[in-house]
Structure formats: structure tokens, C-alpha cells
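Structures for review follow.
One chain, chain A, appears in both complexes that follow, with chain B as partner in the first and chain C in the second.
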Partner chain A sequence: MSIWRRLAGAVLLLVLGLSLASNWLALAGYAKQYRAAAGAPPSREHWLGTDDIGRDRFARVLYGTRISLLLAPAAALLSTLMAALVGGLAGYLGGAWAKAAMAITDLFLSLPWLFLLIMVRALMPLNVSPLTSVLVTFLMLGLLGWTSAARVLCASAGTLRDSDFVRQARASGIRGVRLFWIHVLPNLKPVLYAQFWISIPAFIVSEANLGILGLGVAEPMPSWGSLLRELEGLVSAGEEPWKFVPLLLLVVVVTSFQLLLSKEEGLPA
Partner chain B sequence: MRNSRGKFMSVGIWKMVGRSLSVGLLASLAFAQGELRFCLRSEPKTFDPLKVEDDASVAIRYLTGGTLVRLNRQTQVLEPELAQSWNVSKDGREISFKLRGGLSFSDGTPFSAEDVGYTVQKLMDPALHSPTGDTFRSGPGNVAIKVISPTQVSITFPAPVAGLDRQFDQVAILSAHSPKKELAVLGAFMVADYKPGATVLLKRNPNYWKTDSQGHKLPYLDSISLDIQPNRDVEMLRFKRNEIDLINSLDSEYFDKLAAASPQVVHDAGPSLDSEFVWFNEVAKAPLPDYKKNWFRSANFRRAISDAINREDLAKVVFRGHAQPAMGPVSPANKFWFNDKLKPMVYSPDAAIKTLQGDGFRSENGTLKDKDGNAIVFSIITNSGNKYRERMATMIQEDLGKIGVKVNVVTLDFPSLLDRMTQTFDYEAILLGFTNPGLDPNEQMNVWLSSSENHQWNPQEKSPETAWEAEIDRLMRVQAASSIPGQRKEAFDRVQEIVVQQEPFIYLVNRNALSAVALDVHGASPVILVPQTYWNAERLSVR
Partner chain C sequence: MLGRKIARHGLLILATVLLGGFLSAALVRLAPGFDADEAQLDSHLNSESLEALRQARLSQHNISRFYLHALRSATHGDLGSSLSLQQPVSKLLRERGPLTLRLVASGWLLSWATAMALALSAAWLRLACYDAGATILTGALLCLPAAVLALFAVLWNTPAAFAIALIVFPRDFRYARNLLGKAYSLPHITTARAKGLSEPRVLFWHVVPVAAPQLLAVAGVSVSLALGAAIPVEALCGLAGVGQLAWQAALARDLPLLTNITILATLVTLLANSSADVIGHVLRSQEI
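Coming up: the complex of A and B.
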């Protein structure tokens, strides 16, 4: 294991550990409003300062990290599995199956998903707890985010279907689900991994965008998305650099994921 | 871009006037040139002053249109403009104007009473669908216009129009004879160029009739360049780079940032007319459980919720001190109509609990429950993307949590919010606000009359469902039918008292009117009324 991979693993463990320990590290919790110190810069009491209504930013970053770190990969996993199922099988089966699956995928791709999400949110009951709103947000992202990955997987599976080793396997009597499971799916893993890791930051940023449209995580619960909203209207980076901590954390976590898993994807580590 | 500024005091003039001339004369000579630049936040939809509806077109109408009377944005008093004097009949149906003589439109066409008659006729033409004209439509029938002489005109409406003279502040007079139609204007500036999506350029009207106290022709400015820029962040950056001179309705965060860098450029004119408020759904047919309807229709419940909201904190934290806790439906900034007998709403969670206990509510393990054991949980919706309202809702959530009330904050896109508010009535509480309401209570008739569509807490009641709503209906009609200011004020004062007692709207704060004016703009004196910074555009100059 290279030093970069070890470092990435250590960083991820540290971030995950800190976020899971947020109940002990940030005793005030993410919702308490220190109104006399609203918008305060970092201090001994508030290591990353406070947000616009006086909530401890450090606590919100820790709790938000926990939510995003657990739920964005969950949504990415859901969307990747759906992509593998639809795209992988379509590519493997080919012919009319592939055409039908890709027609459905194109239909989903052509849907204005943002408006679809707005519509779904508008139809949802109003009195839902913040926790439910988090789960619903990431579930919707997972259910709607599989289409692009499905197209990539369909193309890759189609190539594999016509490859020599699959023909050989077929000639030696391996067929159906077994052929797909033993020979096709393992060779789709690099593409699946890539789609999975690409989806995580994409879903985190999507959640931030949805927050602006009122579809994101409900107050007072934090997420990286809602924390990134603090950067709205920041005229220069030097003004309040501590507000960039959630963004920095997002970059570090996503990069660490990429480094840690680069070997499995066949990329130089 | 702005290198012409600073050249307008030529060396020759300096030599000519010498040191013996007064400072005042030097100043007025200095005002002879200059271009003012600021941003319009949307594309103007029309240059026809009678069709104006959107803010950008209103700004252009204000700068180019000549009106018979004009509301002084600083004193809030109506002043003569093209009309030297006017008289409103006792029944509020007829207004007669004595006009100034010898004036011309920007293209040289002479101005007379005939133009006033022509404008009013066009304004009241139902086919034109003029939003300005709609404010004069108080009853069925036609308007009678009598041109008595070139400087005298009388207009009679089929029914009394409340605040009739003030309504003419919005009516820019058109020429009946000019081939340039609505582009021939009587205001200080005229439209010289328009690049869609980019700029509207206004040039000085050479035939403008006003002069300053020293006899110099107004306006001082050569031109005004209005850049179409919907993005507030870009507007702020351009101001910081000295590319524009004014920002109206400045955000409190931006205000503080600008103040930190250059305190002289920012202006806090105090509380504006804008108000933010919450209301509960009191619609009988709303798809809500009956026990929730009972809470929301109880004045005691609404008062208790109001008592438990810390308005001082909302003003201090959300608006960084650039707002005032609201005292009622009218902002104290509305000098004439504000009822100064109203007392500030005091934050008192104890009083809230006491009121609720009186109605059978009780606290169980930190959760407030009604007499049937239902936990007090409701949602407050606000429009997504409005960070101030989102923050207020979150602070209210914490305030109400202290008395055991659980609030879910929901942000929705505006169309979905409107649909719930006006069509399905599927909501519990909404946090919204009024921006730029008019000074006169008649402009809020559609909110206070129980039969109105905009009577938000319970729209379109067939007959008033409560005694206090019936009383508000009566008082609003009394003030609308009267042309005696004292009588109208008395009635509207009582309306304000009833609203504060019953709290159909729980008023939160009045935002302050914040603006920024570059240091090289002279004569600016920002006010709370729109247009805050350039209300006296004819007397502004840029060095």
C-alpha cells in the first residue's frame, strides 16, 4: 500500500471518527443559537466561529459531515446499483433489450429532474421531521441519479459481451446469469467504482443546490450542502476564510476516497 | 469609462469666475455635467408610462415622466409639479388642476390642459389595461374630462376615489400631439438609447422647466446610465469597483461589508415600509385536522405565539440591527398613517404560557399539549432562497421550542407556496412580507376586506366570519369613503388597534431602508420611500 493510500485512509478514518464523535466533541449541539455571538469569527468557545444566527460552526460541520458522509455514499450506492442493473444487463443482453433499456434511460435523462424534485417536495407532507427530510432528499437523489451511469455501463457491457474471453466462456457452456456474474460483472467493476465515486461529490453538491430550492435538508439539521450555502454572496475568499472549512473538507474527503480506491479502479496509485 | 468626470470644471471657467464668485455659484457651475450610473434589476417591460407595472419601468417613468403633482419622498407631502395648484371636491369624485403655462415636452411640443385630458382618457381606457389606471377605478361609469382653458382642467370620476390627488403622482403626462408619442416627456430626463439586456441611457431633457434656487436649469446631470443587472453580487462588486454610483435596497450583509470598508458610502435611513410577518391558516375548508383549525382560529393562541417570539433578536441577529421590531400593520416610517398609540410588542414566553394555560393547554415533558392531549406541532412555510426569512423561521422555531411548541420549518419554491396559500389552503403557517406597500391605507384594501382574495388568513369570506373582521370591513369602508384626512386617520387607527389585538398577522420586523451612494455623487439624501437614492435625481451631480 502506497504512502498516499495510507494517508488517505487515515484522513478518512479521522474525519469519520470525528463526525461520529460529534455528540462528545460539540456538546452544544448543532441547533443551539448563541444569538449574542451571531456571525462571530473563530474563538476559544467557537473554533470555527458561528453562523449567521449564532450556531456553532464547528458543531454543524461535524454533524453535517456525519450526515453527508453516511447518506451521500448510500445514495451513490443506490444509483450505481440501479445503473448496473439497468445498464449492465442491457449491454450484456444487447439487441431489443438494450434498445428498450436505453430508451427508458433517455426518457429519464430528458426529464427535467430539478422540476421533478420540486414537484415531489411540493407534494410531500409539510410536517416531516428534519431527519425524514434528509432521508427523503438522498433517496430521491439516488433514485434519479442512475441514468448517466447506466449509459456508460451499457456501452462497457456491450463491449465485454463481444470480447474474446466472453465468447470463449460461452463456447465452453457458461451462459445466462452465471456468465454475467463471473465474467462480465467483475470486468465492469472499474467503471462501477468510477461511477460510484463520481456520484458522491455530485450528490453532495446536488443536495446543496436543492437546499437553495427548498428541497434539501430541513432546518435546523446541517449537511455539507447547507453549510456550503454560507459561501453564497461571499465577495472574496480572504474575507472569512473559516467559512471555507466545509468546502475544504468536501475536497479532502472526495480526494481521499479516490486515492484509497485507485488500485481497484486500475489507476496509478 | 468615467474620465469625463472631473473635466467639467474647465480651466477657462475657473479663470473667468475668479475667486470673487461665491462658493454656491461655483458649485452650480460644477453641476453642469456628469453621468450617474446604477443598475436596474430587470429588463424594463415598457417605456409607455401608462402601462408600467414592473420595478424597472417604474424607475424609468420616475426619471422621465412629468406628473401634475409629486409626493416628496423625504417629507411624504404632496407637492405641485406641472400643476400649480389643485382642488379635490368634498365627495372625492372630482379634481381640478391649475397648470403651469409655457412648458414644452422634450421634443418641443407645447404642454397644455389638452394633454392632461388626453392622458387621463387613455389611462382610463379599459382596452389599455393600465395598472395605474386601475387605481382610479372605484366604480362603474365613465370619467368626465373638462378642459376649461389651456391651463385649467377638471376630471370627474364616477365614484369617489380615496386619496385622489396622491394617485396622480403615478400619472406621467403624455403629449396629445407629439409624433414621438410616449417618448416625448415632461420629466427631467428622456430615453436616448436602449440596448436590450444591457443598458438604458437617459439624457437630460433640454426643455425641462425647473430651475434651482439660483436660477440654474435642472437637471444638473447630463445623463443617467441604467445597466440591466439582475445579480445583486455583481451589482455590489461593480459598486466596489466604482463602476456604478448607487445601490438601492441594500442587503444588510452587504451594507455591513461596505460600511467596514468605507462608512461614508452607506446610508441607513431607518425603518422602511416593508414588513415581515407570520400568519396562521384560518380557512374553514382547509384540509387540516379540526383541532389545529381550533388553535389557529383562537386569538389567544395567536397572541401567545406572538408573545413567545423574540422580535428584538430577529432584528438584531437576522438583519444585523438594520431592522426594527414591528409594532403593527403600519410601519412607523409611514409618518401620517402610523398609529403612535400602539405599544411595542414585548417578548414574554411566560405571558405566552399563561395565556395558553388559560385555554386548557398544558406542558408534558417539555411538550405543549392542548386540552385533548394533542401535541402542539405545526409547520411554517417560507419561500426558498430568501435567507432572511429562512433565518427568521429557524429563530422562531427555537423561540417556540422554549414554550414546548414544535415547529417544522419548510422552504418551498414560490409557485408551490402560492398554490398552497391561494388554491389548496394546505398549509399551517406562512412567513412572508410586504415590500414597498403604499403609504395610503386604500392601497391595502385588498388585504383588510374580508371578502378580498388577498385577505390571506381567510380569503374571500362570503360574510365576515368574526365580529372583529366585520368591524375592520366597516372601518376600511369609512376611511375609503371619506376625503377628510382626520376622519380617515381615526378609522384606520382603529383598524391597526384591532389587528394588533387579534393578530391575524403576527408582525415581526420592519426592515431598514439601506442604500449606498458613491462619494463622487453630490446632493444625495437617501430616504425610505422608493426610489430611495435618486428621488431627487434632478438635483444630483457627479464629479
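Coming up: the complex of A and C.
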């Protein structure tokens, strides 16, 4: 394991640990308002200052990190499972099944990702509770983000279907779901792992995009996207540098995921 | 052969748009609140008018009928009306389309030119530090959400096309660099080098032609990325284009407008991908 991968792993563990300990580390909850100190700069009480309505920014960054870091992998898991189901089965069955599944996949892939996301987000009520908005946002990412992975898995499963050991298993009388479950699916694991790890940073960045556009997690629940909306009000970059902390954290986390992935899956760093 | 390929792409585009249109119509029809009409709350309307409104809604209950009606209207140039802006969708698209097209085209061109210049120079120079620098730069840009790059464009007062280029460029560069790298590892390149051919000649006569069809495919795919980038860039830079319209429609849950914009974006994406594929096919057939 290279030093960069170790470092990336350590950074991710540290950030995750800090976000999980937000109940103890933060001065108060993410929604608590200090009305006398609205828009305050960093101080001993509020390490990253407060936002326009007096909420402690440090607490919001910690809670927002927890939401993004816990739910992005959950969405990635969902999309990977869907990709395994659609792509894996289509590749394994082949023929008309594979063609139909890939036609649907191509349809999704031909839609620009952000257009698709905002269209599906707009189909759901926008005035939902903050907790529901968190679940809806990440569920949507998970349910829509399976297409490119499904294509890769369909190709891999198609190769496995024609491999010698699967032919031998078929000749031995193993068929159907059992053949898929015991012989095909375990051999798709490396591709599934790769797709899972690729999806996490992609979903973190997508949530941030939706959040900045006001289509992500609803207030007062924090997420990296909603925290980055604060940058909209800046007049110059050097004005209030502490407002860039959520962005810095996001870049560090996404870079760490990329570093972890690059060596493991043989992708360019 | 070429004619058949173009016809196949045409059919694929038509099928995708028809299927996409049906899915969009189904989503609009099944979305919460479709049956409700604000006009029914108008106290000035008499019972007959209210009944007429109810009947109009009931006629749209069947998804297939709803879709066929929308399709028939679309063939006559009527894309429906925007619920939030109370204007015909076709008029809105006509007004805002040119700005988005200009923005996306210039951003895409800038991105592609920068990516190719960097990728070609990295392939030519083959310096580890140059490669590492380019990788770090593109890696850093890939970590930034598109909306943040749009915010920076506003903050530093840079042209919006530059923000689109920064969003698309890292992906273009990485694909281009990998494709050129793969082309360099082919045996005939080693032979060409062994025969003493100069680096520029190897690169432009033997490497680029091999990678060109795939590079074109990447160029086609990056049109979709540039179109997607237009949403945050136009929304946050305050540009009255189709991207901003899509964002406003999403915030106002204006589904007829949003689905039309999405289908239009899909159509542009498919046309770009198909054109890249057909040109790539022509290039490959000329090589043979």
C-alpha cells in the first residue's frame, strides 16, 4: 500500500470519526441559533463563526459532513446493487434481455446527468420535511446513478457467461439463478467494488451541486451542498475565508477517495 | 454502408426521443399534484366552468392518451405552456436557446482545445513532472462541484464560457491523455521510433490518426457534459438561457417546461454522439 493511499485512508477515517463525534464536539445542534452573534467571525465560542441567522458554522460543518459521508456510500450501495441486478442479469441472460436492458441504459445515459437529477427532484414535492429531503436526495442519486455501472457489468457478465468454467458448470447441470448466484456474481465482485468506490465521490459532488442550486437537502438540515450555498453571497474570495472550510473539506474527502481508488483499481491518479 | 449507419443513428434518435417522451409524460402524469388545478379554486368560476376544468383534467388521466395528445401537439410546434411563466414553451426555448447554444459551444470548444493542447504536449514531451502537474490540476478540478466553479466565475468576474470549459476540460484531458498513451504503446509506434522518425512525425502521423475516432467519441460525450454544466453556470451567473430556465422550472415544479427542456437536451446529446460516431466511422474507413 503506497503512502498516498495510507494517507488518504487516514484522512477519510479522521473526517468520518470527527463527523460521527459531532454530538460531543459541537457546541450545540446544527439548528441552534445565537441571535446575538449572527454573521459573527471565528471566535473562541464559534470556531468557524456563525451564519447569517446565527447558527454555529463548525457544528453545521460537522453534522453536514456526517450526512454526506454516511448517505453517499448508502446511495452508492443502492446504485451498485441496481447495476448488478440490471447489468449483471442482462449480461448473464444475453440475447434480447441484454439488448432491452442496454437500450434502457442508453436512454438514461443519453440524458445529461444534472438535467435528469433536477427533473426527478422536481417531480417530488419540494416542501418536504428536512429529514425526508435528505432521504429523497440520496435515494434519487442511488436510483438514477446505476446506468454506467450497469453497462460495465453487462459486458463483464457477458464475458463470464461464455467462459469455460461457466460452460462446465452448466454442463454439470447447474442452471438459472443458482449458476448466476454461485458462479457469475462472485466473479463480478471486483467490478462491483470498483463501481461502488467510484460512485461515492460522484454522489458527494452531485449532492453538492443540487444543494447549491437549492434542490438538495432542505434547511435547517446541513449538508455540504447547503453549506456551500453561503459562497453565493461572497463579494471577494479573501473576504471571509472561513466560509471556504466546507469546500476545503469536500475537496479533501473527494481527493482521498480518488487516491484510494486510483491504486486499487488501476485507474489514473 | 455510411448511409445505413446514418439511418440507424436516425432511427435510434427517434426511438430514444419517443421513449424518453413517453417516460417524461408518464412522470408528469404520475407526479403528485397533477390532478389539482389552481383555477378550480377561483371563486369567480361558475359550476359549469368548474365542471369543464374537471373534464379537461379527466381527459388527461390515461397516460397513453395524454402522451399521444402531447405528441400530436408537438408535431404542430405546440410544446405546451409553462405553468410558472404562463408562456408557450416553444417561445421560451426560442428566446433562450441561442444564448445557451453560444455558451455551450464556446465552453466546449475552449475545453476541447485546452485538453487537446495539454494531452498532445504531455504525449510529446513525456516528462513525468509535466504529466504529474496536469494530473494534479485535472484531479483538483474534478473534485470541485460544477456549481462551485460557476460561483468562482461570478466571484472573479470571468466569462461563463470559461466556467463551462473548466468543468468539462478535466474529463476531456484524462480521456485524451489515456487514448494517446494507449496509441503510443502500439507496436508500430515502437517500430517507427526504432526507424528514427522524429517525435512530431510519430505523434501527428502515427499516434493521432489511431486515436482520432475514439477522441471524436469523447468529443461527442463532452457535449452532454457541457450541456449539464450550463444549468449551474447560467443559474448562478444570472444568464437567461435554457439552463437557467430548467433550474427555475425545477424550483417551481413546472414539469411541462422541464420535460421539454430535458428532451431537447437529450436530442442535442444524441445528435452530438451520433455525429461523432459517423465521422469516426468515415475516418476509420479512410484508414482501411
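Worth a mention:
Here is the rule we go by: the second predicted complex is superposed on the first by the 176 of 269 C-alpha atoms of A that agree within 3 Å, B and C clash if a C-alpha of one lies under 4 Å from a C-alpha of the other, contacts with A are read in each partner's own complex, and residues count from 1 in each chain.
We take it that a residue touches a chain if its C-beta (ideal position, glycine included) is under 8 Å from a C-beta of that chain, and two chains touch if they have at least 3 such contacts.
This is a predicted model, so every value here is computed, not measured.
Look at A:Q258: by the touch rule set out above, it reaches chain C but stays clear of chain B. After overlaying the two complexes on the shared chain, residue contacts for A:I53 are found with chain B alone; chain C is out of touch.
Of the two partner chains, both chain B and chain C are touched by A:R121. By the touch criterion defined above, A:A84 reaches neither chain B nor chain C.
For chain A, the partner touching the most residues, choosing from chain B and chain C, is C. Overlap of the chain B and chain C interfaces on chain A comprises residues 118, 121-122, 126, 212-215, 232, 235. Remark: chain C residues 16, 19-20, 23-24, 27-28, 31-33, 135, 139-140, 142-148, 151-152, 155-156, 174, 177-178, 224-225, 227-229, 231-232, 235-236, 246-247, 249-251, 253-255, 258-259, 261-262, 265-266, 269-270, 273 touch chain A in the complex.
Note for the complex: chain B touches chain A at residues 232-233, 236-237, 240, 251, 253-254, 257, 313, 316-318, 320, 377-379, 381, 383-385, 387, 390-391, 393-395, 397-398, 408-413, 416, 419, 426-428.
By the touch rule above, chain A contacts chain C in their complex via residues 106-107, 110-116, 118-126, 201, 205-206, 208-209, 212-215, 225, 228, 231-232, 234-237, 247, 250-251, 254-255, 258, 268-269. Considering their complex, residues 31, 33, 35, 38-39, 52-54, 118, 121-122, 126-130, 212-215, 218-220, 229, 232-233, 235, 239 of chain A touch chain B.
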